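What follows are several structures.
Next come two complexes, and both contain chain A; in the first it sits with chain B, in the second with chain C.
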Partner chain A sequence: MLGSGILKGLGVTAKNFVGSYHDPARMVTQEYPDTPAKLPEAYRNFPFLVTENATDPMGTLRCVACQICEKECPPQCIYIEKSKDKKPDATGKPQLYPAVFAIDTAVCMSCQLCVEVCPFDAIKMDHVFEVAATNRFEGLLLNREQLAKPNEYFHQIRPTEAAEVDGRLTAERQAAAEKAKAAAAAKAAAPKPTTPVAGVADPGPASPRPATPKPAEGGTAP
Partner chain B sequence: MSLFPANSGPTVRAVHDEFHGDLLEVSMGPQHPSTHGVFRMVVTLDGEQIVKLKPVFGYLHRNHEKIAENTSYLSSMPYTDRLDYLCSMTTNWAYALAVEKLSGQAVPDRAQYLRIIMAELTRLVNHSCLVGFLFNDLGTSFTPLLYAFREREKILDLFESLSGSRMMCNYQRFGGCRVDPSPEWLAAASALVDNFPRFLDEYETMLTGNEILLARTQGVGRLAAAHAINAGITGPVLRASGVDYDLRKVDGTGFYPRFEFRVPLGAHGDTYDRYMMRILEMRESVKILQQAFKTLPAGPIMDPKAKLRGFRPKAGEAYGRLESPKGELGFYLISDGSPNPWRYRVRPPSLINLTLLEEMCLGHTIADAVVILGSIDIVLGEVDR
Partner chain C sequence: MSVVATDSFLERAPLLFRDWIVGHFPVALQWLVHHLLTITAILTVFGLFFAFTTIAERKLLARLQNRLGPNRSGLPWFRTLKLWGLTQPFADAIKAITKEDIVPAVADQVLHFLAPVVIVAFSLLGFAVLPFGRYLIPVELDAAILYFFAAGTATELAIFMAGWGSRNKYSLLAAMRALAQLISYELPLILSVVPVVLVTGTLSTRDIALAQGGWTWGVLPHWHVFTPWGFAGFLIFLVAALAESNRSPFDLPEAESELIAGHLTEYSGFKYALFFMAEYFGLTALSGLGITVFLGGWQAPCAFLEFIPSWLWFMGKLAGMIVFFIWIRGTLLRLRIDQLTRLAWQFLVPLALLNLGNAAFWALTSGWTGPLALARWAISAAIVIVPFFLLGRRLTAGYAPRTYRYAA
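This part shows the complex of A and B:
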């Protein structure tokens, strides 16, 4: 019968109309600004820099300014300047740190390549998406102070990945500490009268201040 | 020299043709909602009939190929997401395929299966969207489109929870995939796929027998098989004309030969066949997905020898091609041994399928031209690159 196809179609429309009031499979609208959007853990939008200690963010950046992410970034939105001096990192090894670290989020396309190539787990993807700004240079060109976020925040947005990263880092640090201890013991055992050399070598493994970040780590990892 | 090319005159003007008499030239687009992006058709009309149609594109040119020649192999992977932005998983795969061919890299079994799962999910996304947009062009304002988007949203949520992004997935890597899906993800995806035919049935009840749809699409925009083969048309548009050519069968890309599926073929090559082709292909995709979820092997998802950085393939050339939802998507790469490709070329199915638009539209009305364009399934990100 001519018109039966149209009537059948209208039946489907009616079913969907009624269903949109009671059937959860047909109720898809989210009241977004009133109920916040639920993001999956893997969601990525704009990178941030991980710091070990929230009280001293600039002193405990994991980034050592190796500039790999700057080279690999497809739209070239990362700008890094290496520091002139070195600071001891969590394992006590003196490392460079970024004197300038800027990301132009107006250019960034959130592709995650910087995270994938970073050998130090220093840069991770954020969950922010409400980033409207009135000024391109103040609101979207982020410097290292704006980019730095504590490790606790990383745990909050990506619990499984953060636990995995922390487990790996603590294992690395323990191995480094044991190695340093063994080296110091070997040095002490070896009867060498060269005091000046020992004097220089000693402060290396002994002086760094791993005491502050380490307990904090132990507390967060499990 | 004038700043604008000669054909960019006023939107509507009268032209005189010695065979047809007085004609009207209408410039449709680039800001026309039914041209699926920034695409322009310069149509010459005799009354309401089209006597000439000139597609004008290039408004979305982003210099993709040259950018890729100046960055490392890895860095152009996120850019391939932006070619066909509805199907980033298949564009990623086609590019990875070309690079793996170039460097002779192996891909583990699990990654091969995951690639097929992602490609077929992408096909579901693309085809359901396309059918929705096609009916939007027909004038069924938004109802089929929103039903399609409701289903697409569920698949995009899966993509987001796996790769971190809904559309710009950036998921494939040379020698494998980036993230291994959890058992929960696979269970959710499998449940979605099992429910998908229900949506298709509902969709077909609503649309396939609709008399207005039949009147508007049957016999409209006919494309002869010989003509389509000559022009290099691929994908569902070619199969709607009755040519049995599907790269999943012809090339046996990846592990496709391990799966049982049929290639639907049309008989008339008109817009209705092209619509049915998409519906039938979605049903076949569901079959492939169900088999893939059942037989997905355990194991690594990345070749242990695969390198992320410092990737320098030996000098040579490679062409990797894939049956993307729109047709044959190919990447042609020439390496000179440096970390950047020396030449990088994309064979976009949308662009090549667009070349016969004039032949399909001649003799039809301007309202039909919109429907025919919708049935070809173009994405301007891929046409213009």
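This part shows the complex of A and C:
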């Protein structure tokens, strides 16, 4: 019938009108300065550095100063100086750490390439967007201390990605622990060929799983 | 009409107040003060009504689209008082007044200046003959309806003045569109009101409002909209009034996606605001006429609600009409110019002409009672509904339902 579409349309808008007063899910407006902005999880602007322990942020940076991000960064806004000494990293392996890690957020173009290339999940994109500063160098050039944020914060802003990263890191840590155990066992087993009892028992645990000790040996050999 | 003392105090209050002020002046000046007071009252009431229509429109449109609408503006020195942004129109007015008034170098200076003045002046003229209450009618004219349309049509001239005087191709195109649209819809608008004139036998708005008085069993009002011909006439009137006041879905003269801002392209500051003021004044006046002619004017819908003063009923109905127009604006899309004129000439005008015959039938059969009254209603309804269906089917054949070749 002519005009039925108009009535249908009026019904839709009337439903919107009534619904907008009792159904907050309909409303798309965020009254931002009054209420904190709700950002989508994948929102990104500037990178930050993940630390394992909030009480000792500089000691537990995941970053190992490999400088891949520095080389990859298209606008060249990352500056890294390697440390002289080594510290154990997330998996317990002794690694270098960044003595200086600076990002010029005035130059950063939020491309997320540093996050994509980081093999240690050490650098991630942040949700902080209120970064206005009166001085381009003091306010926007962030150093290591300003960039470091605890892993809990990462969980807070990106729960899905953080859970995935944490799962992967625990698996790696476990693998490393097992590897260390296997290496210790191998070391403990090595001087034992003198005793005949051990020599019988030795091929037993070694032969069922030859795959795991081999890369462990390969890893420790060099 | 003289005030009857038996009416409630609220009903008489505006007139008593006016007479009290007029009484302070010498007798020779009283007629002048009387009319100046009436003009001041109309300008104040409908100026404020315009201001709050703009905020109501923005708020309602927002709610119709699941948004919040303007809610920030409060009062200058009372920051804690938020007032739901209701002071927005005053902020807008200050902004419009303080903005620079730009006149193009090649524009016709006189016409460019005159157009906004003329359009506001003509759009205000319509208020003179509307009965806002039982005794509140600024000018009692015998040919009030005729005067109303004559004054209202003059605004089209002002729109063309604006389009021509700006010397801008968009303005001129918009002005030509506006003329095509307004002339097209003037006909159904007037034809939709003529049946009422035919049945009531008067052109006076006061008598038309009075003719709709009384109730069946105290609850069913005798408004014209509750007759078949009145209902059809009211619908045609609504569509034509929307088009006459340049409102969505008929806002082609200022179709911003096609014509920048139409005839308003070269206007800025307060002149721009004046055009909008005129648009809303025109809409309000047309709504007022629609209420007077079809919705019983200032009459209460039920007998027991008569204690509410008549002018409050009128303003309530007016607000209802405005809200309905805003609802329409929040729902419908803009028409194309050919669809627009097609709707007027091929659909509304034939229906309005048939409705005229319908009203003539209604006027001739006013003596039918008993079962004949039912037949009268059936025949009258058939004269409205059957052509609507037939014409609707014929005109939409090949157009609807629309099929989309590439969209899923």
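One rule holds for everything that comes next: the second predicted complex is superposed on the first by the 161 of 222 C-alpha atoms of A that agree within 3 Å, B and C clash if a C-alpha of one lies under 4 Å from a C-alpha of the other, contacts with A are read in each partner's own complex, and residues count from 1 in each chain.
Quick note on the criterion: a contact is a pair of C-beta atoms (placed from the backbone, for glycine too) under 8 Å apart; a residue touches a chain by one contact, two chains touch by 3 or more.
Computed from a predicted structure; not experimentally measured.
After overlaying the two complexes on the shared chain, residue contacts for A:G167 are found with neither chain B nor chain C.
In the superposed model, A:P159 makes contact with neither chain B nor chain C. In the superposed model, A:L2 lies in contact with both chain B and chain C.
Between chain B and chain C, more residues of chain A are touched by B. Of the two partner chains placed by the overlay, chain B and chain C both lie in contact with A:V28. Of the two partner chains placed by superposition, only chain C is touched by A:G19; chain B is not. Overlap of the chain B and chain C interfaces on chain A comprises residues 2-3, 6, 9, 12-13, 16, 26, 28.
Here chain B touches chain A in the complex through residues 71-72, 74-79, 81, 143, 147, 150, 153, 157, 160-165, 168, 170, 178-179, 202, 205-214, 308-309, going by the rule given at the top. Contact residues of chain A toward chain B in the complex are 2-6, 8-9, 11-13, 15-16, 26, 28, 40-44, 68, 72-74, 109-113, 116-117, 125.
Chain A contributes residues 1-3, 6, 9-10, 12-14, 16-17, 19-21, 26-29, 31 to its touches with chain C in the complex. Taken together, the chain C residues at the contact with chain A in this complex read 60, 63-68, 327-328, 330-332, 388-389, 392-393, 395-396.
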